[in-house]
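The structures considered in this document are given below.
Two complexes are shown next, each including chain A; its partner changes from chain B in the first to chain C in the second.
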Partner chain A sequence: MYLIEDYAEAKTVADAIDILASNPGWHIIAGGTDLLIKMHHGKLDKVQLLSLRRIETLRTVWKEENENISIGSLATFKDIANHPLIQQSIPVLVEAAMTMGGPQIRSMATIGGNICNGIPSADSAPVLFALNAILKLQSKEGERVVPIQEFYLSPGQVDLKPGELLTDILITPDNYQYFGGCYIKFTMRKAMDIATLGVAVICKLKGKDRFGQVRIGLGVAGPTPLRCILAEEYAMDKVINEITIAEIGKAAVQSAKARTSWRASKEYREHLIEELTQRALKIAITRAGGAECA
Partner chain B sequence: MLKKINFTVNGKTESMEIDVGETLLEILRERLHLTGVKKGCAVGECGACTVLIDGTPTNSCIYLAVWADGREIVTVEGIAKGGVLSKLQKAFIAEGAIQCGYCTPGFVVTGTAMVESGKHYSREEVKQELAGHLCRCTGYQNIIRAVMKALKQ
Partner chain C sequence: MAELKYVGTSVPRKDAIEKVTGSAQFIEDRFLGPMLYAKMKKSTVAHGKIKRLDTTKALKHPGVKAVLTGKDYPNKIGLYLVDRDFMAVEKVRFWGEPVAIVAAVTEQAAVEAVELIEVEYEELPGVFDPIEAMKPDAPIIHEDLGSYDLVPIFYPQPGTNIANHFKLRKGDVDKGFAEADMVIERDYYVPQMQHVPIETHKAAAHWSPDGKLTIWSTAQSPNVVRQLLAKSMNIPMHKIRIISSYIGGGFGCKAGASLEGLVVPFAQKFPGHVVRIVFNREEDMQGTFTRQALNAHLKTGVRKNGRITALEYKMIWDGGAYTEYGVNIVRAAGYSSTGAYDIPNVKTDSYCVYTNNSIGGPVRGFGMCEMQWGIERQLEAIAKELKMDPLEIRLINGMKEGSTTASGQVVHDVAFDKCLKIVAEKIGWGKKEGNFRGKGIAGLVKCPAQPSNAASSAIIRINEDGTAHVMVGATEMGQGMLTVISQIAAEGLHIPVDKIDIKVPDTDFTPYEWQSVGSRITYTCGTSVKRAAEDALGQIYRNASNLLEVPPEDLIFDGEKVYSTKDPTKSATIREVADSCKKCTGEGIAGPIIGTGSFVPTNMTNLDSETGQGNPGMFYCFGATAVEVEVDPETGVIKILQLAASIDSGKAINPRLCTTQLHGGTIMGLSTALYEEVLFDKGIMLNRNFTDYKIATIENVPHMDSFIIETPETNGPYGARGIGEQPMIGVAPAIANAVCDALGVDFNTFPLTPERVWRAIKAKQ
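After this line comes the complex of A and B, so read on.
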């Protein structure tokens, strides 16, 4: 039994925005796999909840006419992993979604909730950072569009204003077409575990043997998920070989702000960043049509 | 805050007034006395409380009862038909896939969804599908064998 003082279920986005506008202190609940657990542990008390669960339109995944892929904030990790459009166009997001929790959690937890909770270990974040995902937010004042890199402010804090609702996550075609990608989640267990480190790499090639673009997103490597800009700039137009891949791994560490926690020390995390960035990159290269590097 | 909900449990229509803070797990156990649904961790990690909601294995400990309005719930009590165990339940017995038994209802519920899906699962996929269940007696090998057996039949 949770202590819920007040509760409302929105039927539409407009409905949800109205309720939020008149009750700015209310918590939004979607899948509930984070919020209910916080309540269970006594971190929140006597809450008022606005449930989005009945807003079916927020759960859709579709391709807009301009080839943008739009993912409804209420899409569950299972929805994403099973969606043919995402499997075809952004398989690296499927790979990341499948590392989250176990089957029961994946069928409840939503991508919008994963983002809005703002935790550094969010499994969707490294990939969405690498994909330059754009977030659509709605409130009484209208619509606001924010790049995901600007949305994460600090651990547990995102740029979600009172009365605002995350409605869609957009991936534009220049950010997914012709890219090969790979997500590696480093954990102690294969399921139901929180990442010690998450590494997402996507890359595009120039011909067969040169890097076009490389993008590296890291989770749990700093107070928020982050991108490895130095490594990405270094990679531009470089010939693909053992040496350049090793340099990219080293450069990735420079963008990270890893710290020591009970899960792992700073030094261990930095070692993981260097090593796993290289491993993910090698797989991403083959998936982008390049040759295998030993 | 009270709310009235209507839902079906193991094929029977139920209608009741609940507090919005109550979980589906609590309603099933304490009001409907379906005590095969077990409370383990209460935070969605162990899978002992798993029930089918519209056919999907779901942790009832982190599922508010109010969300069950209009849904179809199946608990472990609803899996045997007319007193006859399902082939999965028989496989659990044949393979000795039970030690203390506390995790068994959850495994049986998820395993039933797998058998009823008609899909083919490799051993690795079976392990993946069962990853949301903990067996603290660590009797996983027999459980996996039982599910594989029922899937093959």
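After this line comes the complex of A and C, so read on.
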């Protein structure tokens, strides 16, 4: 059932914030691909909805003068996948966006919605974690900036205060320039599936044969998306070879908090983390200009 | 046989334009009248007594017209064993079983009222494993099993949870094992799966004050719905009308009668209203038939030369909470228990066992996918022990012309060897292609599972302009019935397919058809249509003979006109013959032409109750599947490199539709092999949505090579036999055999999920 008791469409961000401030119980609807399902399943009933769909400015992707790439929270996964700027500057985000759902869902689902739902399997999260994405939030009280790693609190819970709206996702140049990246979404089937594990690796090289920085973001490896700090620290300045790559894979498992569910066992998930981190890393290395590792 | 003009051609589907333009009507597209909406209150325990059921608050809810409970309506229903309550009466037997039903003026009001119904249960110990359920101290699920009506070819054991014990004894197994050089004994397990049709179950009912009940239903079999409701509710058949729409997929889940009975009492209470129930996806997954899980134990005796001398097959099926239909799956698997192979000595015991899981029932394959999984995996194990080529052991033991089945039925028109060889050759059998790559093959067979007197009938009306209407009781659920039946009619009538109209059934107007199940419609309905067409053509010739004064045997009808083969100037247009034919003097010859035909198989018999011997097969359809896979040894992901499938259709009435059926069945088989498994936790279905119950998508479907073999079926219409279910049967074992070949591991169950494959690899290391 879709029992919508009230519905408003904001035309500007200011408009949306005003409505939210005076109607604290309202739910925000963007693409609706998660919200409508919750309503249909009776998990949300008799709701008041504030739609953002008319706020065109929230959908833009652009490069600021300081080279920050700003992605509007209302950009759909299709927008992101097709955007020349992202294709050129952050192709790993395109790779992740294309793994999400199917064509119809990618046309509707927004990156802001994907983040604000706070689910551990969000397809945008591992990459945005690896990119140290910064989230811009606005409310009556003004603007607040939060690193994405701090935004995810627990499964389904994010640090979004009442009356607050996620407006932009920022990626600063030191977090995307000269990086090569790879996202592997491991699923039980090839399309229309949620991740059993999502692995995003980005890396920068020192010369041809040493790691500069390696960043690893994982989805469905714990209660929230997470970063593999131990593995990243280990990688710093290491010579690139089979042994160091294997060590990075092993170290990645130590940051994960995988658990057994009827969907997959902890043991298998951890094995996948170790294996797929290495696979993603090898591809990321070549994309950063390094040599192929067998 | 004369050259065929319409049969054997790939004419476009009759329903193509309607379906691609979105104008085809399914139940929910039809305006039926002023509506009431029904919603079920479902059990929250898997096994329990209903201590208190209070509908007071629900009844007071705005918009609610009525609330009914099982007590108001204690009728039982069942196709073979009448064990099923429309709604639970006194006790519930599975999680999600309807205990009450609300009718309201809006769907929302009905949903809200359902929440207001108060139910208290006294939970009873449940049993969720059929092996446990067979133990003497197991909780009994149907205390009154002994008093249920049944078709007397089933053998329930009152006082236990055994709803049917099918016994088969062929030859002398002890002698067979004594003759064997080697005996192999292994266990297999096949989990529950779901059909997942694109359209869920739906029904609507209307009661007219003169006592006429009209039902719109997604049922595969309007006539069976009519028959079961007539019996269960004591209404004469002419007072029940079942109207079919296009059905968005059946695969067995809409066979028999299921939800229609839920809305009838409301319709009777509120004449003039149409009361509709539409299952949502979760209800469809959990509340309708699931494929029964199978625990199989096989003991096979084989000689060094590869000849199998004896088979002992024990099957324990999870029948779920009600087995009204499931008992026959257990029987069919029992009488077919040697698969596609000729084994002289067989002892089979097949048990249908009640548990507190969802209701078991028919699914494409009707027990054959489950039962032949064991057969085909066992052959692999035997071949490995004998160091014999898996293809060769299948050719040595495979059925041939004149072989006997497990039930001792002699099979004819068999080219199983051809089916096997063609797919093997296609994938380059015998050549090892590299590490982590492997090849596998499996054979398959199935006959329609139906009562020996399951009948079909057809009426053909010739219009004044020489076009025709074909009326049959078969349903169209995507399988292509309308097209194939039109082609058979066209061939018999000599009238082109595009001058023939055919519709989905309405029992007030279309003649009897038992059920659109079991891959039987092309054969049974097709035969009745062929007979009706011959009857109508005979009338065309008789009328023309009178009109032209030419003996009928000298006449030929070319679809436009009837003329004398001796003197072609003596001719009449079909309009002159069909439009209340009269002579030039004005004297009438004959009225409108109506051809009729009916069919009942004459080659089937009952089976002996002790030995299971007899002829249960109207025809046997053979085929084979061969696969090459590559496995990722680290993640366990299987990639299908090659997939070849063959089926012996006898005669492909419409080769393109045959091929699409072969594709569809193979994909469904592939989906079960790799992804599908219903998971229960103490009777609660965990993966009852499409996020967690995964079926193959287009992205998961590899290129397929399809081979339609045509070995004419002597009694089939134009030599045809049905192929709807068969292509699914061999896929899971063929894939498993290929994965085992690739990795040197072993599986006794599927789906071969990445984690399961990874565990097998790890266990080997």
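Going forward, the second predicted complex is superposed on the first by the 293 of 294 C-alpha atoms of A that agree within 3 Å, B and C clash if a C-alpha of one lies under 4 Å from a C-alpha of the other, contacts with A are read in each partner's own complex, and residues count from 1 in each chain.
Criterion: a contact is a pair of C-beta atoms (placed from the backbone, for glycine too) under 8 Å apart; a residue touches a chain by one contact, two chains touch by 3 or more.
This structure is a prediction, so every number in the text was calculated from the model and none was measured.
By the touch criterion defined above, A:I105 lies against chain B but remains apart from chain C after alignment on the C-alpha atoms of chain A. When both complexes are overlaid on chain A, the residue A:E5 reaches chain B alone and has no touch with chain C. Contacts of A:A291 after superposition on the shared chain: neither chain B nor chain C is touched.
Touch criterion met: A:S51 reaches chain B, while chain C stays clear of it.
Set side by side, chain B and chain C differ in how many residues of chain A they touch, and the one touching more is B. Using the contact criterion defined above for the overlaid structures, shared-chain residue A:G32 touches chain B, although it does not reach chain C.
In the overlay built on the shared chain, the residue A:L272 is in contact with chain C alone; chain B does not reach it. Once chain A of one complex is fitted onto chain A of the other, the partner contacts of A:F186 are limited to chain C, with no touch recorded for chain B.
Within chain A, the residues touching chain B in one complex and chain C in the other are 1, 3, 102, 190-192. Across the complex, chain A meets chain B through its residues 1-7, 9, 32-33, 36-37, 40-41, 49, 51, 53, 101-105, 107-108, 190-192. Of all residues in chain C, those touching chain A in their complex are 107-108, 111, 634-635, 674-675, 679, 681, 686, 690-692, 694, 696-700, 753-755, 758-759. Of all the residues in chain A, the ones that touch chain C in their complex are 1, 3, 42, 102, 186, 188-194, 262-265, 268, 271-272, 275-276. Listing the residues of chain B that touch chain A in their complex gives 1, 3, 19-23, 26, 42-45, 47, 50, 56-59, 62-64, 66-67, 110, 128-129, 131-133.
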